[in-house]
Amino acid sequence: MSKILNNLNEALSAVKTGDTVLVGGFGLVGAPLTLIDGLTEKDVKDLTIVSNNLGESGKGLGILLNQNKIKKGIGSYFTSNRDVGDKYQKGEIELELLPQGTLAESMRAGGAGLGGYYTTTGVGTDLAKGKEEREIDGVKYIFEKAIRADVALIRAYKADTLGNLVYYKTARNFNPLMAMAAKTVIVEVDEIVEAGELDPEAIVTPFIYVDGIIKAQQVLTKKGVVNV
Amino acid sequence: MTGTMNKTDMQHLIAERVAQELKGPCAVNLGIGIPTLVAEYMKEDNIYLHTENGLLGVTDVEEEDIDPNLVNAGKLPVGEAVGASFFNSSDSFAMIRGGHVDVAILGALQVDETGLIANWAVPGKNIMGVGGAMDLLVGAKKVFVTMSHTSKDGSPKLLKECTYPITSTRQVDMIFTELAVFEVVDSQLKLVDLMPGATIEEVREKTEAAFTE
Amino acid sequence: MTGTMNKTDMQHLIAERVAQELKGPCAVNLGIGIPTLVAEYMKEDNIYLHTENGLLGVTDVEEEDIDPNLVNAGKLPVGEAVGASFFNSSDSFAMIRGGHVDVAILGALQVDETGLIANWAVPGKNIMGVGGAMDLLVGAKKVFVTMSHTSKDGSPKLLKECTYPITSTRQVDMIFTELAVFEVVDSQLKLVDLMPGATIEEVREKTEAAFTE
Amino acid sequence: MSKILNNLNEALSAVKTGDTVLVGGFGLVGAPLTLIDGLTEKDVKDLTIVSNNLGESGKGLGILLNQNKIKKGIGSYFTSNRDVGDKYQKGEIELELLPQGTLAESMRAGGAGLGGYYTTTGVGTDLAKGKEEREIDGVKYIFEKAIRADVALIRAYKADTLGNLVYYKTARNFNPLMAMAAKTVIVEVDEIVEAGELDPEAIVTPFIYVDGIIKAQQVLTKKGVVNV
């Protein structure tokens, strides 16, 4: 039952036109650079991409954006890529802006089988427009719906052969939540170890969430993104 | 006199003043810009810095120790303190929204005379990013705002009412500029300190919001 | 013939039959009672057992290796498999409710002819405990039920309608007794197997619920 | 800023009459046995106890129950203590029975600043009576309210001097969630180590949640509960 995949084609076979795809990372940190690159080579479109940002201009998810493969973006900080605003002005992309904590929590809720939840974040602001407001024990909350997706493309540090994952420093960010919230979860990692080599008390994503593992071919270094 | 101060000096002046208000033990989240500078002036060693991308125990880092996968919310390289811990984004915002972070220090575009702030969007432009600003405002036990007292064109940023979209219906606790320090008490601004070289007349002149002295 | 079987033999017979339905790779949650015995009969080595108190990768344990802080949901000592992981209760139920556990094997007091089950409360008694039963029923991709075909007094437990409170509005997928195996197809019970020594006449006699053969 | 407490009195000083108190553990496993014992010595009453079970008859929280200090119990499995049923029959205790996953999730929600959430668990059952039902994307959910408390008494394996915590095997259970959901969090541990000795990637409860630490004086062994 090895989950180790041989190539990018295999890793991305689950992604279909029209899919909702979760893409890990906070900027480049913890982003599945290899899988994103593979996605730009793949003949799919009308994707809904859920990711904190849509890359930078002409980089990462920014390439996918410029290829007009993204129908809708759901994230917290599109500002990092000026092209997003241009596309939005032209009506070429839908955007759903969520506070960063709400983006994270909604994916966790989706992965945990919840329908949605009430949060204080955003109450009374422009981002609450159209959202149900409810007072609970004297505090105002707004309703936020859970996010579920077809595929998650994530980045971890080490996987064991079963698919248990650990992360590295602040490259953890949204990745473990995305692993919970998608039907098919593909992870790129720096290292694959034998089952039993990861500390059972320190595993962050149990293998139950992971469908496929691929070795990273692009990694973030002090000098930028490097092919390995 | 403050009119002749360059931007960097002004930012450091504000950051140093904010640092005086931080009494450990506490956990503090620093926003981008002036707030990031506050770390340089913290005197106590039991103030722990939280960054919403998943680290409690942020420190500065030497150039040779920079790790590209260890950054703060501004995507700048940082180090990790003794006793630091890493966690995912939902756990990080659980800390923030759940009231477990003692102080958030944020920048602002505008502050109104009841202590509401606007710091995430400008009317007429696409609303493209919000990040963790709204979460920090609803969740931190105390919120401190740092900003230049006026805009580049000299117009006041402490206003009767914000003309930009507000970030939260929660009022901030303190406001720090290069001219003055205000506390928000009973939904009113109260001047609690003049910054070095600033006069009460200058503060009055450059502040649209009502405040008590 | 099955009437002469003792309780332990009957439970093992059922457990062995259930184990035949488990094809790896999969994650399986075993309830208390007969379900726990299923582990003894699993043939494939890529079936991983989940226990809702916070462990994926449950194995049996030798007497001398018993650790009082390593138990299953029935509070019985267990061991940990190679590749096991520990997590808190909300993460554990996130797996269950979120549809990440492939099969849940549960006991039941009653099953109705549409596949609804009752396994947590008895009318007229205080409702004192539910544990993880409701979570497993809504969440597991497939739910298998194991139980004796009749009550101690010989009355059927496969009924037209449950007289005890139901555990979920979700129908189970398969039902295993010492007499028969049923699948639930389109809200109807379908007899798919007779257990060793059982006859179709005996099953008909001891089953109140309608079923197709 | 040491959080290490000298004695049980100090550890339990936050618990007042009328408080809501979260008590960790799944049966005896992961239960703060020393703190529970201390609570039975303390002159408080009208407590609302949130815990998976209320101990066993005459043991642990069962002692507190028999002392009539518990006004209300919130849990998933009171069956473990037959005295609970007797008290309930006599009208001497209120009970709120929650599915185990809901109990856990509600405390996480409380700790995370959420007001409540929609879950599929319990829909259409007796435990959904009086609870709001809502359909989201064609699926029925019921509303469950977040749980917040005055004090949490929990059990961990190791604490560092700052209050970072790691747990031990299935003794983790509800403890990390309770650490999130209470104003004051007191933890009993097997071992206290220096800050920096716990792996930053493997810390389960960051110190931000912990107020006081005490060494366990009662531990669960193969032979039962033993004083150390």
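For the reader, a short list of remarks on this structure follows.
Going in written order, the chains are labelled A, B, C and D, and every chain counts its residues from 1.
Note that a residue touches a chain if its C-beta (ideal position, glycine included) is under 8 Å from a C-beta of that chain, and two chains touch if they have at least 3 such contacts.
Here's who's who by UniProt: A, D = CoA transferase subunit A; B, C = 3-oxoacid CoA-transferase subunit B.
Values in this document were obtained by computation on a predicted structure and should not be read as measured data.
Shared contact partners of chain A (CoA transferase subunit A) and chain B, listed by label: D. A separation of 36 Å divides the Cα centre of chain A (CoA transferase subunit A) from that of chain C. A straight line joining the Cα centres of chain C and chain D (CoA transferase subunit A) is 29 Å long.
Chain A (CoA transferase subunit A) and chain D (CoA transferase subunit A), compared by their mean Cα positions, are separated by 33 Å.
Among the residues of chain C, those touching two or more other chains are numbered 80, 86-87, 90, 93-94, 96-97, 138-139. Annotation for chain D (CoA transferase subunit A): residues 105, 108, 112-114, 119-120, 167-169, 201 touch two or more other chains. Chain contacts in this assembly follow no simple pattern; the graph is neither a line, a ring, a star nor complete. The chain pairs satisfying the stated touch condition come to A-B, A-C, A-D, B-D, C-D.
Those residues of chain A (CoA transferase subunit A) lying in contact with chain C across their complex are 1, 108, 110-114, 160, 162, 164, 180, 195-196, 198, 200-201, 203, 206-209.
Contact residues on chain B toward chain D (CoA transferase subunit A) in their complex (touch as defined above): 24-25, 27, 46, 48, 50, 56-57, 80, 82-87, 90, 93-101, 138-139.
Note for the complex: chain D (CoA transferase subunit A) touches chain A (CoA transferase subunit A) at residues 105, 109, 112-120, 134, 136-137, 139, 141, 145-146, 166-169, 199, 201-202.
Put simply, chain C touches chain D (CoA transferase subunit A) in their complex at residues 51-55, 66-72, 75, 80, 86-90, 92-94, 96-97, 121, 126-135, 138-139, 165-169. Interface of chain D (CoA transferase subunit A) with chain C (complex): residues 26-30, 76-80, 84-85, 88-89, 95, 97-105, 107-108, 119-127, 140, 167-177, 204, 220-222.
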